[in-house]
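Structure record follows, encoded as structure tokens.
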Amino acid sequence: MSGNTLGTLFCVTSFGESHGPAIGCVIDGCPPGLSLTAADIQGELDRRKPGTSRHVTQRREPDEVEILSGVFEGVTTGTPIALLIRNQDQRSKDYGNIAETFRPGHADYPYWQKYGIRDYRGGGRSSARETAVRVAAGAVARKWLSERYGIVIRGYMAQLGPLPIPFVSWDAVGDNPFFAPNAEIVPQLESYMDELRKSGDSVGARINVVASGVPVGWGEPVYDRLDADIAYAMMSINAVKGVEIGAGFASVAQLGTEHGDELTPEGFLSNNAGGVLGGISSGQDVLVSMAIKPTSSIRLDRRSIDREGNPVIVNTHGRHDPCVGIRATPVAEAMLALVLMDHALRHRAQCGDVRTATPQIAALAPEGVQAVPSPRAE
Amino acid sequence: MSGNTLGTLFCVTSFGESHGPAIGCVIDGCPPGLSLTAADIQGELDRRKPGTSRHVTQRREPDEVEILSGVFEGVTTGTPIALLIRNQDQRSKDYGNIAETFRPGHADYPYWQKYGIRDYRGGGRSSARETAVRVAAGAVARKWLSERYGIVIRGYMAQLGPLPIPFVSWDAVGDNPFFAPNAEIVPQLESYMDELRKSGDSVGARINVVASGVPVGWGEPVYDRLDADIAYAMMSINAVKGVEIGAGFASVAQLGTEHGDELTPEGFLSNNAGGVLGGISSGQDVLVSMAIKPTSSIRLDRRSIDREGNPVIVNTHGRHDPCVGIRATPVAEAMLALVLMDHALRHRAQCGDVRTATPQIAALAPEGVQAVPSPRAE
Amino acid sequence: MSGNTLGTLFCVTSFGESHGPAIGCVIDGCPPGLSLTAADIQGELDRRKPGTSRHVTQRREPDEVEILSGVFEGVTTGTPIALLIRNQDQRSKDYGNIAETFRPGHADYPYWQKYGIRDYRGGGRSSARETAVRVAAGAVARKWLSERYGIVIRGYMAQLGPLPIPFVSWDAVGDNPFFAPNAEIVPQLESYMDELRKSGDSVGARINVVASGVPVGWGEPVYDRLDADIAYAMMSINAVKGVEIGAGFASVAQLGTEHGDELTPEGFLSNNAGGVLGGISSGQDVLVSMAIKPTSSIRLDRRSIDREGNPVIVNTHGRHDPCVGIRATPVAEAMLALVLMDHALRHRAQCGDVRTATPQIAALAPEGVQAVPSPRAE
Amino acid sequence: MSGNTLGTLFCVTSFGESHGPAIGCVIDGCPPGLSLTAADIQGELDRRKPGTSRHVTQRREPDEVEILSGVFEGVTTGTPIALLIRNQDQRSKDYGNIAETFRPGHADYPYWQKYGIRDYRGGGRSSARETAVRVAAGAVARKWLSERYGIVIRGYMAQLGPLPIPFVSWDAVGDNPFFAPNAEIVPQLESYMDELRKSGDSVGARINVVASGVPVGWGEPVYDRLDADIAYAMMSINAVKGVEIGAGFASVAQLGTEHGDELTPEGFLSNNAGGVLGGISSGQDVLVSMAIKPTSSIRLDRRSIDREGNPVIVNTHGRHDPCVGIRATPVAEAMLALVLMDHALRHRAQCGDVRTATPQIAALAPEGVQAVPSPRAE
């Protein structure tokens, strides 16, 4: 157990290096009876895959997934589902110059000190390539959540470097390479990125994810709170440096009268909680926001050291995303799906017999309807 | 496993309700040979305990801890350490009115829907009283981390509601009830709180925690990253709504040239990473910041519903902290200690034989020395 | 995680030393809504407790259990149930002579080498006193299994040293201190034990446990098979050296035509499988048998070494069971209950939606009815 | 987590069905720095693979293993090691007749009732084909155990149906298809098997495994005892119905003076404990014995039911081992290696700093040397 397994009951065990033969995972704990084909997974992988616009890495990976087990005649059997994605476009020579030096902002130095050995090709295990596995596994979870509970999980880019992206509509998200919920702002994002790419620098981003239709009662009260597990899952994504639930850091300056979401028979009046109270889902939309740091690989000179501890100048060529946040939206959605799926199963394990006479409150009362899906101003 | 156990190798299993007979925990996995007495734990509990100033709840709990097992002649034996804290000042009648209604912002409604039964007295299991257990367990972890590795874990309040608290020195932290690293601002904080208390409202806060002396190499690369586990641990604290590592949300607008911490033989030149690269400690200070929402219990009228779904007005009397953030600093320190302890053991399990010839870089090069312990402007 | 937690979803974390202040456990994952009082647990503890006949240790422990959490108004709430049993009759001076020497057959030597420290008083953590905790936790599990599924778990002594105990009836089990299912043989057992006690020696025993009413479908296919988890649970009981499921070691010499249990619409025709096929319950009685070694503490001279490695003669006085198997039946029943409970929850987590049109076969067809509950000849 | 992961720190997650595209596993937690090639694993797989003599199934599977990750330039990196074995010789039509009926002794009926769907081809997930994965993962563990600690793990067949196989020497084991430690008895075993095969029936076997060179101190005291984890691991092997440690069931009739292994400065005088005391290794040989039931697939008529619950006659053709015990020895060795490896890492996680002045006692004093590696008479 070196931290490559996610989940308590819906468990994803991930493997693979950026330039090794393959990446993939084993999903253990999927309920039987779910219709599942490679195409169900492929659709999600295609949303994340590299090389789809000039704003992302030009590595050409079809990310074609093969289901090795756990599915019989198109239906899950309850046994482990192994997913395999062969790497196709490894150009390890591009990265040869990093074998002896530690790239600033990368995991090179701590990996080396931890393990005493390092697959430096393309970042090895620390490459964002691993996030394809998360998306593949997440596709299984979101299919089950959708079919069993009608849950919808959607994300979008809320800020690109210095540019906030006001939320306009979900419809826009799929129509641009940034996952921006706002068609009008796209040209501005494109020119910002073109400029940035020319400069050789990189930039950060903010991604928001929303799960709608989550029933009240999922999560645990103390450590494995639903929001704690979400924070863990999101912070485990490469380059994430911050996670918020609901009002997030805005809560710091809020008064109790502002923050506490009132309940009425018609629904909640606001959603500062972000759909989680005391670690347990409230039935409101689960609102998550995360900060993604600028890509560490840049084409500009940076100071570092080599394996002997001598000073060197590092300048990282090769194929990189100038903003890793651009492809992060499907990854964040997948992680949210995986956490929800796990808690769905955990909940019914312990509380499968519980029935109350209290009605489930609507996510938002009519007066609480929001134009943007999150209480954070973007 | 309903989420009341924290940690993979240094495991804390917590129990207890706010108004039940006792709270406590079992720590499994503590290395043998650590000197440990109740007094070692009591000192930390006393920092968190209620009733120590007019700005916190007036519930009188001595929080006296008894060690039930795992220690023999003042030394840990490697067997489970059970810690017991009897509740003393339960006044359940104060809370009787909440049996039938759901307090806004509290876990009442989702608990009820999840379990179909609810110990409503003082919030039951969802009460912040449970955080005493975290502090007690954390005291064991920080003692071992300190004696074995010289690690120092310190926290402070960085913002109280609308008032940022500029970091001046660690020395100030212990001298005021707010854990403010700034003696001069204390009168301002006190008058703010006095005003707030009179108003019946509550407010949020920001808490920062720093671990110094963490060796390079702790953590895991993919899911159980050191920062992911920290995010989980912090978000699991009652009322936390956001977590940042290093530059946190400031990373969104940073360029790669700003964010990526350069390395030199003399040390790192900055610490935007917050001491974690690719999920693994870099040897720099581990920097964590968190948002704490305003206390949900306020003495002002709020709309809600009762168990039958009828509209009601809730106005929460009883004894409460008007800002739960005030007592959160020792809790946050304890959680960081628990995560680090767990990863210390995990690291040596897998990598106990690793030795490299590469020297460990200093946390910060002389030119990188910072007046404040975090790159976030407060 | 040093192995003091049992179970994946119904988790029991045990603590305590034989001569420390207390023993106890935290049960995490119990479904809410179960009626539970200390008396429910006490009844099971009384079946195991020492000092109830001249054939067992004369240590006087009331084994009085206190419920510290997780129960509200007599009903489980779904939060952790902490159980506390204070030790009363520690006479550590009886054991002072074992501080420096390693008793043969005991854990003294490996404990010392593993931990470098050892609570030698009464065996510390390795004492069979810890089994009281198992019985207490098991009482919760068996109550739920009984109320929710009608499962009955019963055990008996099948052999005492050289004396096989033919199964006559369940009724006899509660009427003698040996848990012998055979009233007639009791005088023989008593005189054997009286003789043995005089000799200062000790002896082994065989215990059988049967769970009736387990639904078809509990367990997992590969590693965490129901029978694998049972084997683990039973072998974890102090002094157990062998575990059998169904026909057990008799299978070695059986032909396939003898061993394979045929199915008919009226029921199975035999139960060599012991109620588990491919790791999953078949709906038949779960049949478990275990070997318990002779007590290691005997009043006869034995060769050993001391902490410096010098040869010594050890002769163990103090209060001991001359046959630890005599009090093992309630412990074995408890362990079976804990494993079944865990798998009940695991099953509904993953397969809660499964319904088949195939009828559940009866445990045994009329022609398969057995006089003894196990296919092993005793 | 549906039970397809073995181990706490050295974790093997297995996947694959008998007639699906592939079987394999992900090993998480392997220490970095171990030399490892596919050939290291292949050697062990070849010992287990089918079709190597007329006494085992004639399915032709090369069982060729591919390492997909976790190894860089022939050395483990500390990241997950994924192993892939493509299935080659699936003849699913051979098994078509079992889609609608439940074979006696097989997992067909409980699988169907548990999951509501079943990959019946060759037994699907419940096929012994999955044991190839265990052998592959075990090869990694035993290599590390051998290189790091000099541990040797060896097994042999101790009984074939009614024929006990007296232990003569380890040398003989590799020279016959039965893993018999006795060259002289091989012709007798062969004629017995030829007879059996003709009859269409099947038979059980007893397998013994021994680990030599295990240091004192591995294991945990209460639930996760070394012997409890071994019992779990062995009972999880297909067809195993009983597990013994050391004297096993012979302990039942032993006196304490017979069973308790005396210690001298020159070594232990006997090994009834089987190398485990109080759940912790004693430094003696770890002795494990297991019962393997007769193969459930036989060519003789058996009564059963179909999916509608109607009575049917089942007669299983296809390719089967008439005694699954014949190929079980490498599997049992692998399982023992996996458990020891896991506890090696667990031990150093918690007790990595422990040093005692007490010398490690020899496994056996000169006077205790045994001709056979186990105290059980075979």
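Every chain is named by a letter (A, B, C and D) in the order it is written, and numbering of its residues begins at 1.
Going forward, a contact is a pair of C-beta atoms (placed from the backbone, for glycine too) under 8 Å apart; a residue touches a chain by one contact, two chains touch by 3 or more.
This structure is a prediction, so every number in the text was calculated from the model and none was measured.
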For this session: Please identify each chain that touches subunit A as well as subunit B.
Result: C, D
Exercise. Which chain has its C-alpha centre farthest away from the C-alpha centre of subunit B?
Worked result: D
Exercise. In angstrom, rounded to a whole number, how far apart do the mean CA points of subunit C and subunit D lie?
Worked result: 25
Exercise. Whole-Å distance, subunit B centre to subunit D centre, using C-alpha means?
Worked result: 45
Problem set entry | Distance from the mean Cα position of subunit C to that of subunit B, given in whole angstrom | 40
Exercise. Which subunit C residues reach two or more other chains?
Worked result: 1-5, 8-9, 14, 29, 32-33, 78-79, 114-116, 125, 221, 346, 350-351, 354
For this session: If every chain is a node and every touching pair an edge, decide which shape results: line, ring, star, complete or other.
Result: complete
Seminar exercise, completed: Listed in rising order, the residues of subunit D that touch subunit C in the complex are 1-6, 8, 14, 102, 104-107, 109-116, 125-126, 130, 159, 161-162, 201-206, 216-225, 227-236, 238, 241-265, 269, 272-274, 277-283, 291-296, 298, 300, 302-305, 307-311, 346-347, 350-351, 354-361
Exercise. For subunit D, which residues count as touching subunit A in their complex?
Worked result: 1-5, 7-9, 11, 13-17, 20-26, 28-29, 32-33, 66-70, 72, 75-82, 84, 114-119, 124-125
Exercise. Which part of subunit C faces subunit A closely enough to touch in the complex?
Worked result: 9, 29-33, 78-79, 148, 221, 345-346, 348-354
